[in-house]
Each structure stands twice: as C-alpha cells, then as structure tokens.
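Residue numbering begins at 1 within each chain, and the chains themselves are lettered A, B, C and D in the order written.
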Amino acid sequence: MSFFDKLQNVDRRVIFLVTFLIVALPLVRPIGLPIPIGPMTQAFYDTVEKLKPGDVVMISFDYSAAVLAEQYPQSKSAIAHVLAKGAKIVAVCFWPDAPTFIDNAITDVLGKAQDHPKYGVDFINLGWVAGGETAMASFGKDIHATCAKDHYGKPIGALPLMKDVKSAKDFKLVIALSTGTPGYRELVRQIQAPYAIPLVVGVTAVTAPEVRPYFPQQIGGVLEGLAGAAEYEILLKRYGYVGTLSAPMDAQSLGHLLVIFFVVLGNIGFVLKKYGKAK
Amino acid sequence: MSAVVRRYLPLLITFIVGMMVIGDYYFKTPATASFNKMTSDAMVFVLVVASFAVIVGTGTATRIHVRNLTKKRAGWYNSLGLLVALYGMLILGLVLAEGKFTAHPMYAYWWTTIYVPLDSTIMSLLAFYIVSAAYRAFRVRTREATVLLISAVLVMLGRAPIGQVVWSDLGPITSWIMSVPNTAAMRGIIIGVALGTLSMSIRVLTGRERGYLGPGA
Amino acid sequence: MLAALYLTIKGIKTPTIRKIAGLEAIREAVGRATEMGRSIHFTPGIAGLATDTGPQTLAGLSVLAHVAELAAKYKTTLWTTIRIPQVQPLAAEIVRQAYVKAGAPDDYDPDKIIYLSDTQFAYASGVVGLMHREKVAANIMIGGFWAESLLFAEGAYLVGAIQVAGTANTSQIPFFVAACDYCLIGEEILAAGAYISKDPIQLGAIWGQDYGKLITIVLVVVGTILALVGNDFLLKLFKGPLWPV
Amino acid sequence: MITPEVVGTLIAAALTVMVYSFLYKENKAYRLAEHVFIGVAIAHGVVNASKYVWDKALTPIITKGDAFWLLPVLIGLLFCFFLSKKYFWIYRIPVSMVVGMGTGLAISGLMRSQFTDQIVQTIAIPDPKAAWYSESHPVNTVLIAIGVVGTLFFFIFTMEQKGPLLYASHIGRWTMMVAFGAAFGFTVMARISLLIGRLQFLLNPKAVGWYLIPIAILVVAVAAVLERTKRVKKT
C-alpha cells in the first residue's frame, strides 16, 4: 500500500480514539478562546430584551434527552433572561421527555422549582401536553381546557399566574426550544401565524439551517446549538448570569479543526494519487 | 354490503375528520364557537384512539422476543433483557406508580438511570461517525462535491470561536452563506415540499391515495 | 393543481416523468444482495403518520412494496424495521401482499417486520445492531429521517452494504449524498410512488405540483422585480385578507 | 457510601461505556445495552400513552360518568384486530381517523407558513442600508430569488431537463450544494456538542462515572489481544 493510499485509509478506530482525546482535552484543561457574538443570537437577545415587567412568555421545551448537551444550556439562559426582565413564564412541553428538564432548568436558575414561593405567580411548569401539533393547536385556543393540571397535578385554575392567561393571545412572546417534530415549525403554524405573536427559537445546530428561511418575519431570532447558547450567556453577563460554556466551546473549536484536518488529510491522498496517475 | 363498508368507511372517516380540522382552522368566529369546541373534542378523541397503537407494537415485540426465548435462538439472553426491561418499567409505571405515571419518583429514577444516558450516548456516537464519515466521504470528486466541502469548512470555522480568532471576516462570510444560498435553497425545498404535501393530502382526503390503509383497500 | 389532477383522471393527459436514478438503483441493490446470499434492510423512516412529515413515510411504504416484490422474486431475505407503531401493520400487510403477488406467500415471515420502539435512538440502536448481526448486503432507506441518518449510513457502510437512501428532511440530505451510493433528494421521494406504480392519478398529481412550482416561480420573479423598484403591491396582496388572524 | 444516586450514576456510566464499546467492535455488551434500551423505550411509550388515555378518557368516565369517552377507548381497542387475519380490515378504522387528522392539520397550517409566507419573505422590499451579509441587502435579495427559482426548477419532474431548464436546475443544484455544505458544518457542530455533553458526565470529578474509564480501556485492550491471538491461531 502506497503512502497516499494509507493517507486515504486511516483505520476508523484510530479516528475514533483521536476524536475522543481531542474533545476531552480542553474539558480538563480549558484554553479560554474569546467567543464573538453571531447576528442570530443578537436578534434573539434583542427580542427578549423588549419584554416589559409583567408580560407573560410561553416557553416550549420540545427536545429529548439525546440533545441535552445543546438545548439545556439554552433553556437555562432563556429562563434566567425572561425572569431578569421581570416577565412571567408559562413553561410547557409537547415532547414527553421534557417536563423533568423544565423542572431541572428552573431549579438550576432559582434554586427551587415546585417549592419556590413564586411558583404559580412568576412561573409555572405545565408539563407534557400529549398530541403533538394537535395539542399545540388546542393549547393555543384554550389553555385551561387543554391542560387542567400542571406537571405536579395541581389544578392550574387556582394559580394566580394562570388567572389572566386563557389562550395564546395572552402571551407577549413565545420561546420555542425545539429539536424536531413537533417543534418550531408547528408552533409557527399553530401559534405564531394565527395569533400573530413574536416567536424566537433555540434549536440544535442541525436544525439551524432549516430555520433560516423563517427569519426575520416569522421567527425573530435563533440560538444555534451550543455556540448560540455560549454567545447568549455572554450577552447575559450584564444581568450577572454566570456561564459554564467556555471550556466546552474550546472543545468545540478543536473538534471542528479535527474534522477539517481529517477532511484535508483524506483529500491530500486523493488528489495526489489522482495527480500521480495522470502522470 | 360488507365489502362496500370495508372499502368506503375508512375513506369516509378520513375525509370527515380531515375536513373538520381544516374548517376549524379557517373559521374561528363566535358563530362557529360550538363547531370549534366540537373539533377540539374530536381531536382529543382521535388522540385517545391513536394512543392505543402502542398495543400493536408492544404485542409484536413481545411475540418476537418470547419466541426467541422459548426457542433459545442465538442471543436469547438479549431478548430476556429486553422483556425484563419492558415489563419491569411497565409495572413501575402502571401498577406501582399510584396513578402518577412518569412523574412517580421511582419511575423517574430508573428512567434517568437507564433511558437518559443510553439515549444521549447513542446520539453522541454520531460525533465519532461524523468525523469518520467526513474523512471517508468528503473528497473533491466532482465540482459539486468541492463546493459542498468548501462551504462546510467555512461554516465549521465560522461558527467556532477559533475560526474568528484566525480570521475575523469568517463570521460575516458564514452569515452570508447562511442568509443567502442556504436560505434560497431551503426556501425552494420548503415550498416544493409544501406543494407535495398539499397534493398528497388532497389525494388522501379524496380517497385517491390509499397507501396508508395497506394494499387491497 | 386540481385542474391537472382532474385532466389526468379523465385520461386526457398522462404526463411522463423524468428519470430518478436512485430508484433505478434499487434493483441493482437487491440483485447484489441475492448474489452475495445476504439479506436486505429496509426502513420507511421515522416520521409519524399524523404529522406533516407523514407523507414521507407513505412514500417510503410505496417503495417498500417495490422492494418486497423484488426480494420475494429473488428469494432474498428482507428485514423491515419500524419506529412508528401505526406503520407496523401497514408495512407487514404491504410486504405480505408483495410476496403473494410474486407467487411466494410461504416465504413471508411476519417476524422480519420488526417494531423497535418508538424512541428515536432505541430504534436507531436496534437498526444498527441488526445490520451488524445480519451483515446486510443492501440497505434501502426511503422516508423521513432525522439524526439517525448518519448512524444508519455509517453502520451499513461498515458491513459493506450498497445503499440507496432518500429523505425530504433537508438537514439530513448531505449525509445521504455523501455516505450512500444513491440518493433521492427532497421531493424526489414524494414522486417515487408515482414513478414506480405509473399510476395515472399519482402522475397527474406530480404534474399538478409542477404547475404549482411554475406559478411560484412567476410570483417570485415578478415580486422581486416589483420589490426592487419599491412597489409592494404583490406583497400586500399576499399579506392581505387571504388569511384569518 | 452506597446510595441510590451512586448506584444510579454507576449504572448510567456503565451503560455509557457499554455503548461506546461499539466503536471498537459490535459486541455482546453493546447488544445487551441495545435490547435493554429498546425494552425501556417501548415501556416508556406505553406509560405515556396510558397517562394520556387516563387523563383524557378514563378520568371523565370515572369522575363525571361521561360515557361518551368510552367510545374512543373502544375504537382504540380495534387496533387489536391487526392481529386477526379475517377481520384485519377493522383495524383500518382507527388508522383512517389518525391519518385524517394528520392531513387536515398539515393542510391548514402549511399553506400559510410554508408557502405564502415564504414567498412574502422572498419578495420583501430590500433595505439598501443593510449589512452586506444580511438577507435584506438588495444584491442578496436578487441572489436569493434566483436561488429559490433555480431550486424549484430542479424539482420539476414532468418536463425533460434540457435547454434553459437545464441551466436553471443547475443553478438550483449548486445553490443546494452550498446549503448542504452549510448543513453539514452545522451538524458537525451539533454532534461534537453531544460528545462534549457525554464527556462532561464521564469526566465530572464529583461524580463516580470516571472510575469506569480505566476499567473500560482495560476491557477493550483485553478484547483486542484476545482477538489477535484468535486470528493467529486460525492462520
């Protein structure tokens, strides 16, 4: 086997091991690269920034355990930002896995969720509403009929926050944290379009290109994956928010470089071999 | 008689349910309030019906793995593991959960212990695969492949902090790729898929497309 | 679009359809599996029927009928894996009918149409495991796919399978383009049913869609020219009273 | 100290390592993890569905005596007819309901958000003061329109692709290739993030998971050596 062939045929186990090490390294020893702010994150931040104290925001958590790494940090920062503006949160999810993540995210921001004195006043966890897009449609129409109880089994009619919130018309903003179906597209169709409420989304990086055609009129801003979450954290520093994503973003940078390295490696072998044959 | 029912009843049901949902979307006036309420109930009705589909899946999965087990086919212990996990979690969630289902702490414990790590780990296998796939498949074979590759590399660099440390214009270039060619192509595809879905939906509602009923319908 | 559909149903015009290379490749894939004496894996994707991605699953199922018939004819084992519970019985019935049609009803084995849980990655791990254990020689994936697309494509590559894949989910197409031997892009899978069956109604619908696209193209061109000179007539028309608020 | 948390973390970490062992080779540990996962996932689906049926149908029946909700339960049970050969067709009744609702929903929202609103955004009035990389810059507006038109031409099936149509669909193909490249770049980003998430779990010094890493390396090493010796014997 010639040298060029070898360049084209590195054993996949070697690739796997190198990947593992390169990504693990910065997590143990962070580098601290500066993180510039992207325009989509800025747009997301600016939209949330327009909230006034007392406004009610719907946050929809539509992701599963598989993408916690990307969407959980987005969830935490979004909750912190909305609360810092003095606005109120109606948290809900249309994916079955997510009620626990809502609970965890609120606990991480405020220390307590269900037992917090402001529960039901400033924020509420409505838990999972089954039925995908259908559920979104009926949730938008009549919240109290769609989910009579919150995640913990309390009737929501008794909670002060829900007294003035009857349907999607009562929201000033919708934040969709979504991975797939149902997700931002269904929310655009069932909440944003019929009720004309501004919508911003936090998505995994995979979904980011698909979201673009909806910007800026249907969707007001996008957090794109872990990078989006990291940029958002930096913008939130002025509210005293402490971020945790600096080391992971270093790992991210090295990971990207590694992929590029392997692509280049494979192509060097490919091109040189082709060139050699031509001769 | 029976053959007619067999053939047309499902089509009729599809048509009625579909039209109700569409009507509900376009007519939201006080005059149609009772119709809107009825559609909401109908949607819940259908979702309750749909929930029972899990019976079919669970039934066939059980059948396959019980057979593996009784016939001691190769890997029968895997089938045993599957059945224990399946029925163990069912007992936890349905019998021992005191009507709280997934919110019961015992169920939540096993769910976070087994399901959450497996779900995210299997997804993270993709990180390794994507590196090897990039290495193996992204070669400059054709001009089109080259374009794909260059755009991928620019985006990867532009969306990582290190890229902008190296060259500060990478950020705006990535933004341009995202907001111009990407938006254009995605928009074209979205419009195309919208038309395709529309035409498929019309065919389904009018009974011209019966793939979903299985052949012979 | 409706007009075009009507015309074809009445038999006034039967449109022809351009060649879709990916579908032609299915025969080759099945043939190769037969030569090697190994099995085929098929998945109709993971999109639920009651969602807007449902048509992709239906498209997958119409390709399944084709694949199953070929497999029955060549007496090659076909594994079909299912994520959506409602799809399982449909797939089973489609495969059974295909075997009957090919004159080999006794070769049909319901245990080879497997429901592997409706959780995305449990399903994915099951598929990857199956591909390794059975050493499948052909892997055909037509339908709605999400993150598992690359897991399947790489998994099948590792066991040396020839792959035909197609999806309308834009974020996954690059992986199919890069990692599979043949790929159907976007709407091509929705046209697959018509392409295989040559059913005039379905062909007519494709024709209708093409007209929809042509109208869109005209609107975009005219609209852009108007927008460049600062005229928002068309824009207002679109935003206007056409839609409920 | 052995607490449920410690046991839980250990099991979770063990499962993580079992799955990663697949990267070396398909093996028994992975197979077991795979089957357990499928089992738990099927059960999770059933429990979630049960909760929905309980909340929406059975609770009204029990508390209000609302017999109407017996109907969907009975129709839902028709799914069981799938297992019958003779009465298979009955099973189509629930399926047709589900499909009817799905298509209805798809049509109603789709035309606006995925058709007209997309056209509206394409023909919006450009803003000459926008940044050069923004979609509302006049030059970019034109480029986007050309790209959209080209992509649409690519998906025209019933006309022979030749002459000007071929050029247009080529523009579409090229635009799509750039877009797919971007999608690939973003996916790399997402996948690396996921790995980071798992590594953060395994490498967390406060949790116990990292104990398992050296053990796993040892197991893989032993497996590799065993495989080598086997191969040597065979040859």
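Here, contacts are C-beta pairs under 8 Å (C-beta built on N, C-alpha and C of every residue); 3 or more make two chains touch, one makes a residue touch a chain.
Just so it is clear, the model here is predicted, and its values are computed rather than measured.
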Which pairing of chains gives the most C-beta pairs in contact? B-D
Whole-Å distance, C-alpha centre of chain A to that of chain B, is 18
What whole-Å value do you get for the distance between chain C and chain D if each is reduced to the mean of its CA atoms? 16
What is the distance in Å between the mean C-alpha positions of chain B and chain D? 6
Residues of chain B touching 2+ other chains? 25-26, 28, 43-44, 46-47, 50-51, 53-54, 56-57, 61, 75, 102, 112, 115-116, 118-120, 122-130, 132, 134, 136, 138, 148-149, 152-153, 156, 159-160, 175, 178-179, 182-183, 185-187, 189-193, 195, 197-198, 200-202, 212-214
Check each residue of chain C and list the ones that touch at least two other chains. 48-52, 55, 85-86, 89-90, 93, 116-119, 121-122, 125, 133, 147, 150, 170-171, 174-175, 177-178, 186-187, 191, 206, 209, 213, 216, 243-244
Sequence positions of chain D contacting 2 or more other chains: 19, 22-23, 31, 33-34, 37-38, 40-42, 44-45, 48, 51-52, 82, 95, 98-99, 101, 103, 105-106, 108-110, 112, 114-115, 118-122, 124, 134-135, 145, 148-149, 152, 155, 176, 179-184, 186-189, 192, 194-195, 197-198
Classify the inter-chain contact topology: is it line, ring, star, complete, or other? complete
Can you list the chain D residues touching chain A in their complex? 23-24, 44, 48, 51-52, 101, 105, 108-110, 112-114, 117-118, 120-121, 124, 134-135, 179, 182-183, 186-190, 192-200, 203
Mind listing the chain A positions that touch chain D in their complex? 13, 16, 19-20, 23-24, 27-28, 39, 66-70, 96, 128, 130-131, 133-134, 137, 185-186, 188-190, 192-193, 204-206, 208-210, 213-218, 224-227, 248, 251-252, 255-256, 259
Would you pull the chain D residues touching chain C in the complex into a rising list? 19, 22, 26, 30-31, 33-34, 37-38, 40-42, 44-45, 82, 88, 91, 95, 98-99, 101-103, 105-106, 109-110, 112, 115-116, 119-120, 122-126, 138, 141-142, 145, 148-149, 152-153, 155-161, 176, 179-181, 183-184, 186-187
In the complex, chain C residues that touch chain B: 1-2, 5, 49-50, 52, 55, 58, 61-62, 65, 82, 85-86, 88-90, 93-94, 97, 110-111, 114-119, 121-122, 124-125, 133, 147, 150-151, 153-154, 157, 168, 170, 174-175, 177-179, 186-187, 190-191, 193, 201-202, 205-206, 208-209, 212-213, 216, 244
Quick one: in the complex, what on chain C touches chain A? 47-48, 50-53, 120-121, 146-147, 158, 170-171, 243-245
